[in-house]
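Pasting the structures here.
Presented sequentially are two complexes of chain A, the first with chain B as partner and the second with chain C.
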Partner chain A sequence: MGGQGLDLRDLVVKRGNRNVLEGLSLTVPAGQIYALLGGNGAGKSTALFAALGLLPVTSGQALVDGKDPAHQPEAVRASIAYLPETVALYEHLSARENVDYFLSLAGQIRTKAQIEEAFAQVRLAPAVHDQRLSAFSKGMRQKTAIALALLRQTPVLLLDEPTTGLDPQATQDFHTLLLELKSTGVAILMVTHDLLGAIDVADTIGLMIDGKLASQWHARNSIPRFDLQGLYAAFTHARIGNTSA
Partner chain B sequence: MKHFWREVGFLLRQRASVWAVTLLAGLALLSVGLGLHDVAKQKAAISQVIDLQKQDSAAIKVFATEAGDAAYYRFHPTWNPPAPLAFAALGQRDIAPSIMRIRALALEGQIHENEAQNPELALPGRFDFAFVLIYLAPLVLIVLFYDLWSGEREAGRLASLEAMPLARSHLWFPRILARFGVVSAALIPVFWIGALISGAGLRDTIAFTGLIVALLGFWTLFAAWIAKGRGGSPTNAAVLATVWFAITLIAPAGANLVINATTPIPDGAAILRENREAVHDAWDLDRAATLQRFYKFHPELASSPPMQRPFEWKWYFAFQHLGDQQVESLSTFYRTGIAKRDARAGLVALALPPLAIQRAFHRIANTDLAAQSAYQDRIRAYHTQLRTYYYPYLFLAKPFTPADFDATPEFSDRLAE
Partner chain C sequence: MRRAVLIARAELALMFRSHVALIGVIALLLLSAIAAATSQAHMAQERFSRLANQTQTDALFEAQPARHPHRMVHYGSYVYRPIGPLAGFEPGIDPFSGTTLYLEGHRQNSATISAVRENSSLMRFGQLTPAFVLQTLAPLLLIFLGFSMITREHMRGSLRLLLTTGVTPRDLILGKSLALGLVGLIALAPAWLALLMMAIAEPSEAGAAALMALGYGLYVLIWVFGIVAASALAQSGQAALLSLIGIWCFIAIVAPRGAAELAGRLEPLETRAATDLMIQAELRQLGDSHNPDDPFFAAFKARTLAQYGVTKIEDLPFNFRGAVSAEGEALTSRLFDKYFVELATTQRTQSQIVSLVSIASPAIAVRRISMAGAGTDLETHLRFLQQSEAHRFAMVQYLNRLHRDKLSQADDAARSKDPLAEQRTRIAADNWAKVPDFAFKPTSAKERMLAAIAPILTLAFWLASVMVLAGWSARVLRARAL
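Let's look at the complex of A and B:
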């Protein structure tokens, strides 16, 4: 896949009188996974919306595969697949129809074989491909949404709390899939509360506090891949700080 | 177009939408069917009355050897044939008569006699295509639009949808257009079928179709504007329903009350009563004086010899004529008042698009107040023709033969056009 990845430069986003992002800067190169951690209200999801161009940026710049959503919003959205925290597809459509529908919205056409292949990749059983989503578990919905993201074949993937509510096996499967995607050159920014999951798959972990990147850790080539002690301490401090606030 | 058709297909996968649109199409079909039936009934009644009146006239001809007998006993049919598009917007046709049999007697009483007949029947209004379009179609559009954005937001899909490239052109615009298209498709072909059956002209059919599109377009834009706001689905539904209620029911009814209160007119029954009283009182008035008053209006008949017998037809028809003169100012006041009320309603309609479109429907279908007034004008013109035809026989002793009976002017619905 390849591409120029995602680059957030000194982003400031205001909501009302409050700065939700206060100079956030981070880079996700192609073929890397960036896990963005932080307590509730730290501004993680806002960073994703700013990258998508769904929120106006007060200052700073977001570059998605080299394109600025403020100036080329459609081109940016064509370069991003976005998986929200709660995967909400259409209940009255089957998995296949949902995928078809959203691909059509994106102006993309995929063959039946390509769709089957994406379903196989996310391990969605063939028997349920034509079942309505109303009968699906959260894990199955997640898989459908991921299959859609795969089929979009975008250079950048944004994930908002992707493993919330998944059982351990589904989480493991999801991480495997992320690593497969990463190997194709996709730049992945994953907003999460799941520190263990982040340690498992991320190349870089960032910790957000009050709209800013407070700390950042890069994976090492040795085991453990991260400075676990430092990570836990910072993460716990951030959560306590957030709770007490 | 593929996005439009995709959204149409998507909409038709939702059971509630299918029910709403099917119900609307069914009601439109029913309204067109009933409208065509009503119009056919009116046409049949008109031709039946014309035929029966011929038989009636033939029977009168046997004994009506004097012009006075013919003028007194003979009814003359007048009619206001429904325009081809009347089936779609019956308008005034349900309360105003489409047939009136008149005699050469005082006219105003005959015209206003109809207003005393079962006015309660007019209260519920008619279930016609215009009713379905003005009152029901907006409700279906509201059902299809109120949660267009909020429903996606509440289901957690909005961000995913907005994150799609070209969401506006590939998603929201086709979605809006699909809803507009589906509701239009439930109504317009049904109307076209009715127009085809009734033999409506192409120009009127296109104009009427344009009005349908304009009304649906108005509600589509308004509902989409409300739906695009930040309100939740229940709030949007409540706002849209309230606005619908306000501008289709409350505001027109309120405006009607204000217009009626500020533009008083005599009621038709008062004109009828005064006309009758003037005629009845004339029996007790000095006959020569009555005739002299009449001759002021018809000096060409003043050479008529004085009355020789206690009853003569010329005196009788003279005071019938004077009866109309007596209520002329009241009748003019009534007619100008009605026209003024109608003009004021037209001004109100400038601020109420549904009302404006409803009025335009009735204009095209020739079922509005103007059409009804024009019919009354044609009756008055015809009645004048009748009177002036009989007067030489009544006043100047011109012999009245069976050929003259047959040559009596007949009503034409194009008389005043």
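Let's look at the complex of A and C:
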């Protein structure tokens, strides 16, 4: 797919009198996965909202595939797919209807074959394509949402705690999908608490503390891909620090 | 707009796949259809009954044998208020105000026989009419269907997902309003159909019917945009529901009754009994018009004798007793008119106070449009009372003229002692048929339409206000998505 990926430059976001983001800078090139870790309230989700253009940025700039959401909101939304922590698709619609609906809202038309292909890619059994989501497990809902993200065919994908509540097999399947997506050139920014999952799939892992990027690790070409001891120590320290704060 | 239509379609799919919503819509539709059918049938029966009663009363009056004309003054007659073609839709004050008047000499009786007094106590809780269904029940159904339309989106997190697909908060508000508006349209359909059928049956009423349809359309739209705005502004579905139920209580229940109470306190109306006592007290001062020698009529007697250049009533070219009766009736009628004007003025002032309160409640405004359009409002009732009194006066004075011109004074004076004289004071029965029949002239459709303009403007103001509120609520939606 290719593209210019995601670039957050010195982002400052204020909510009330508090700086929720204090000069956050990170880059997710096309065809790479960036896992953003951090304790609760570190500002991870705020970074996603700023990239989505849902939050006004006090200073700095977010560039989604080279476009600034503050100035080109429509173009940014056409370039970005978002998978929220809680799959917020409609329970009264079937998997196929949900996908159709959100694609139509985004102004994208996909053929039945394309939709079937996306469902096959996420391993959603054909028998459930026309079942309402109210009968789906969390994993099946997640697969439907990922199929939607695939069908959006956007150069940038934002994921908010995507594996929360998934069983190990579903998590593994999900990671496989992410790697497939990455291979098509999609830039993926994933906010997560799942350090082990991040180590599995990410090209870069960032650790946020108090609205800032405290540390950043790049994957190596050797096994293990990351300095596991350093990562674990920094992550644990960040969580303890956040809890004591 | 494309996105708003898509959102509306998804919302309607939710409503129709949710059995509760579907049952609610079907129930309202049925209720509306049943109300339209039963109310129309009830009013048709009532219309027929009043017409039949009027015909029978007129026939009985005309069938009276040869009599002394003053006995016919006391025999009197009844008039029945006819029902307009649109009253089946909105009975207005018809079930509460009297619909029948007994007309007789020397007295102005109150209108009697109202549906509320004549029927079971259930009637007092309000008749099931299309107007009641639309004014009171339809908003309640719209509230139940719409209160969570937007709170649901932000509480489940789908609002954020929608916004990331390029949907704007304005699209969302518009889409949800379209869906709820369509349900409102379904609820309106039987009532509009009933109005259309009434307008086809009576083309002169088409303008008034169209204005009523417009009024109800505006009223439903006010609720639609208000509910969507409340759903967008509320933090949770529960908060939206509680707020909307509170608003519904105020608009549909408290304000109309409170307005009537306020009007009654600011502009109190004398009770009929108190008014009757005051009239009786003034009547006693007017003297007895049955007695030509009553001192009260001495001046009239002197004036009449002087006018005809005679010194005693026996020399007058007519029966002085009949002349005194006519003079007495003119005086009492003037007194009745004075009290009627006072009553009408007070009631109109009360009505104006209620109209002012309609700024706080669109339910009052739509009811005013409905009653004015259907001709079941206070103005029509006052018009009926006024025309009935004019008819009573004309009938009594016609009989008094017969008394004055067709009866000899000597026979009239001797009739209580002389049976032959009494026989001669009876005049032919064909005279009774010459009393003109009561023909009520209701307010024209044009006048009724003019009366509905102010409340239509009130509703337009309300609609503009809730649309602005809905537009403003779109601003807070982006923050709700976070």
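Worth a mention:
Simple rule for what comes next: the second predicted complex is superposed on the first by the 245 of 245 C-alpha atoms of A that agree within 3 Å, B and C clash if a C-alpha of one lies under 4 Å from a C-alpha of the other, contacts with A are read in each partner's own complex, and residues count from 1 in each chain.
Keep in mind that, in the parts below, a residue touches a chain if its C-beta (ideal position, glycine included) is under 8 Å from a C-beta of that chain, and two chains touch if they have at least 3 such contacts.
Everything quoted here is computed from the prediction, not taken from an experiment.
Superposition of the two structures on chain A shows chain C clashing with chain B. In the superposition on chain A, A:D130 contacts neither chain B nor chain C. When the shared chain is aligned, chain B and chain C each come close enough to touch A:Y101. In the superposed pair of complexes, A:L55 makes contact with chain C only, with no contact to chain B. In the superposition on chain A, A:Y82 makes contact with both chain B and chain C. In the superposition on chain A, A:D167 makes contact with neither chain B nor chain C. Taking the listed stretches 59-67, 419-427 or 455-463 of chain C in turn, the superposition on chain A shows a clash with chain B for 455-463 alone.
For the contact definition in use here, the residues of chain A common to its chain B contact set and its chain C contact set are 49, 52, 54, 74, 77-78, 80, 82, 84, 86, 88-90, 92-93, 101-102, 104-107.
Against chain B, in their complex, chain A makes its touches with residues 49, 52, 54, 74-75, 77-78, 80, 82, 84, 86, 88-90, 92-93, 101-102, 104-107. Those residues of chain A that touch chain C in the shared complex are 49, 52, 54-55, 74, 77-78, 80-82, 84-86, 88-90, 92-93, 97, 101-102, 104-107.
If you check the complex, the residues on chain C that touch chain A are 2-3, 6-7, 10, 13-14, 17-18, 156-167, 478, 481-482. Of all the residues in chain B, the ones that touch chain A in their complex are 2-3, 6, 10, 13-14, 155-157, 159-167, 170-171.
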